[in-house]
Amino acid sequence: MSSIIPILLVALAIAFLSINKRKKFVTVKITHWLLFTYVGVLLLSMAAAPFVADGKLHARETVSEKEISQADNQLHKALRAGRIEDIDEKYLVNQKNFDNYQGKTLEIDTIYGNVPELHVERKQVDDGKIEVFCFAGALTIDTLDFTDMAGEPLSYVLENNILTIKPPKEREVKVSIVKNEFTINQFTGAREKGSHIIVNSPYLYMRIPKNLELIEGTEMSVIFVGE
Amino acid sequence: MKVIECKDLTKAYIGKNALNQLSFSIEENKITGLVGRNGAGKTTLLKIIGGFLKETSGTIQVFSERPFNSLNVSAHSIFVDDKMSFPPALQLYELLEAAGSFYPNWDMDLAERLFDYFSFDRKAYHQRLSKGKTSTFNMIVGLAARCPLTIFDEPTTGMDAVVRKDFYRALLKDYLAFPRTIILSSHHLDEIEDLLEDILLINDGKKHLHMPMEELKEWAIGIKGATATVLEWSDKKELIYKNQIGADTLYAVVKNDFDEPSLMKASLAGLKITSVSASDLCVYLTSESKGGIDNVFSDR
Amino acid sequence: MQIAEWIETEIMKGHFESDQKVYSQYQLAEMYTINPATAAKGLNLLADEGILFKKRGLGMFVSVNAKEMIINKRKNQTLKRLVQEVVLEAARLQMSEDELIEMIKAVQNEEGEQ
Amino acid sequence: MSLVIANLVDIVKKQYLFKLKANIDSFSSLIWIQLLALLFSLGGVGSTLASSGYLSIEVKYYSADLVIAFTMIWAFVTAIIITTKPYRNQDFTYVTNRLSSSLANIIFLLTASIIGGITAMLVNNLLKIIAYFIFNEQLYSFQSGFRELALGISMTILYVFCISAFGYLVGTLVQVSKLFILFVPVLFFGTILLKTSVQKEPFLTSIFKFYFFEPSLLLLLLKILLTSCLFFFTSIAILNRMEVRR
């Protein structure tokens, strides 16, 4: 909707100019054609730009840095409090359930350099079911939210009573961003200080049966929720 | 009413005075010819009147206003010469229309008729016109503008004889229908003298003569005859020009303050009395020395 | 004064009767491509000589005896000057008076035959 | 003889319309310049590489900044051109005085800035379309509404107008003396190189910051308008004494 108003305005301006010109201009010169064609093309592209979207030309949500860090804090808080139901689904990037876990112990190990924070919640029952959740903060580039493109920040496998946290596959994110012009950015606070990319670290959250013994790997730090 | 009044008008360029203490005034609705040698200051004077140039000292009033930077003078006068500058992007007909939008008295009908008569192409461009066509087009603009003060500076540059004649006739006819003040500067005084009511002759930036054309025609006479006789007759008269022809014949131009009987006597004494054409007279009046070009060759 | 002479000739030829209005200065100016002031001067010259007379606001009119006045004027002035020159030239050529009169008569006869 | 007194406003209006017609060709150069800038912008106006563990991020930027910059240069050159002799003489062929000529020029430059500013800002969309259709690139843009667009357009117009005012002054100075052709570039590049002892940064940088880093809309508006007025007033004052068709 918002793009229609300026188009109307420009069209009106051109109409006004051409009425004014019609009185005086006897000859229409190449320049006039050029100018009209050019403005016409510009207006067309302006009208078309929002519609070529079709999944490709996205106007992205913008989030401010403050919002990002707030969201991250809230995520963190919710994890610590064990209230994962409160967490926005978009932060949940991977969830796996391991039913009928027979072992008495579970060792947690990592072959991933950056050790994520692991929050563990002990369930009230011994149902032999281990649930693993992976949450990730937002990926933003110049305040545009690209979280959906970040992919899985880490993966994990359960084998022989060992839960191994593995690094994800190398991932390349290539984006082309149409920036606003400096004449807009100057006032919207988006004055460029170079690009600004924020990648927030992932969090792991586990629900384990009541009597499962947890063995921490050498580099792991486990935080038990609600204890 | 006086349209132009100058008093001690001086225009100095670096190291030289183009106009020097020039004083004159031009009456309303007269055609005045501005005559002078090359470099006499004609164009400078006309450009000051048109408000293009700024006077160095003295005063000039056009329509009782100082012309430099006066919108009023600009609106009621037009300066036509062969160097009039028009935007290259506009076609000839658009130039006429533009002129029509600026000048309140503009006569588009006249402009179009002249335009067609001189077979101009409406879609042609000014800078591609030949010299003569440029002058013709500029002249059309100058005539159709019908400005109360119309200045033609060498308007016929490059025109052929037929077009020149057409121009003079067009100028006069339009002047008769719509009298206005016209200043015409030209090298061809013999061609324009019939058109003129007044003549202003300047030399070296100074006024030399300013009088009705009719007076100028009788202002001087030529005497030709035996050298001794001519010298005797022209003694104590204001000698304007003198030319020795052959061994014993002298042609002299003197100011005409003879009365009818003395002229009669002169011709009885064997002198040939002739009238002097205005254009010749102007040449004699403004020549550097009384002998003219012959002096250059005389002492060799 | 060519304009004055031209109007005189017109009157002599009978193109303008007495009491008839002659061309105005503006008509003359247009006919001859001359400044109207010049034309006015020619008209005024004839008015001064009495050949034309002014009617206020109406223009110039031919006087009653305009033709005679012109004839007189041309006889006494123009023709006289021409004769003067002829006589002077004859003297320079050392022609006798009789020779000159013979010549004039001969020319007159030729004109008459035509 | 009663002459209708010429009205300045009326004459300026006529002259402005005349200039619009006479200088129409400057708008075709605007189009070519903007298209050229568009061509340069198609390769992206900047890019960033970043990596965080497993994630490597490559960002390519598109924007019409270059188009705006080129439009500013165009306005600068156009303003200089209309102060040159042939253009001033054209004014004096018809009815004018020096004030009306300058006023009409200023209004013309304003028109040029408006057209230049609007088209420059709209080129952004053309850029998107071309990148989308021809390069088949996945583009992301900011969600910007009418407010941003209107703000962007009006600020671009003001910047372009201010630059044209500067061009008009430079052109005027060159008309006074051809020495300024030499002097202005020397001054320009001189200030880039010259570091005064008081200020750490070159003079030109502070000027740049004075305008382009001003975050307050109102203050910038004030700065630009005052600067433009200053340039134009100076030019008018200088031109008012100049003779034409010498």
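Some observations on this one:
Just so it is clear, A, B, C and D label the chains in written order, and each chain counts residues from 1 on its own.
The criterion applied here is as follows: contacts are C-beta pairs under 8 Å (C-beta built on N, C-alpha and C of every residue); 3 or more make two chains touch, one makes a residue touch a chain.
Protein names from UniProt, one per chain: B = ABC transporter.
Note that the structure is predicted; figures quoted are calculated from it, not measured.
Across B-C and B-D, it is B-D that has more C-beta pairs touching.
The most central chain, judged by C-alpha centres against the centre of all protein C-alpha atoms, is D. One inter-chain figure worth recording: chain B (ABC transporter) and chain C are separated by 32 Å, centre to centre, where each centre is the mean of the chain's CA atoms. Chain A and chain C have Cα centroids separated by 113 Å. If you average the CA atoms of chain B (ABC transporter) and of chain D, the two centres end up 48 Å from each other. Our note on geometry: chain A versus chain B (ABC transporter), Cα centroid distance of 86 Å, whole angstroms.
Residues of chain A in contact with two or more other chains: 24, 29. Residues of chain B (ABC transporter) found to touch two or more other chains are 89, 94, 101. Chain C meets chain B (ABC transporter) in the complex at residues 26, 29-30, 32-38, 41, 84-85, 88, 92.
Listed in rising order, the residues of chain B (ABC transporter) touching chain C in the complex are 30-31, 168-169, 172-173, 176, 194-197, 212-214, 264, 267-268, 270.
In the complex of the two chains, the chain D residues touching chain A come out as 17, 21, 24-25, 27-28, 31, 44-45, 48, 50, 52-65, 68, 118-119, 121-129, 131-133, 137-146, 148-153, 155-156, 159, 212-217, 220. In the complex of the two chains, the chain A residues touching chain D come out as 2-3, 5-6, 10, 24-25, 29-32, 34-35, 38-39, 41-43, 45-46, 48-49, 52, 56-62, 113-114, 139, 141-142, 144, 146, 150-151, 153, 167-184, 186-189, 191, 194-195, 197, 199. Interface of chain D with chain B (ABC transporter) (complex): residues 1, 3-6, 8, 11, 14-15, 17-18, 21-25, 86-87, 89-90, 92-100, 240-241, 243-246.
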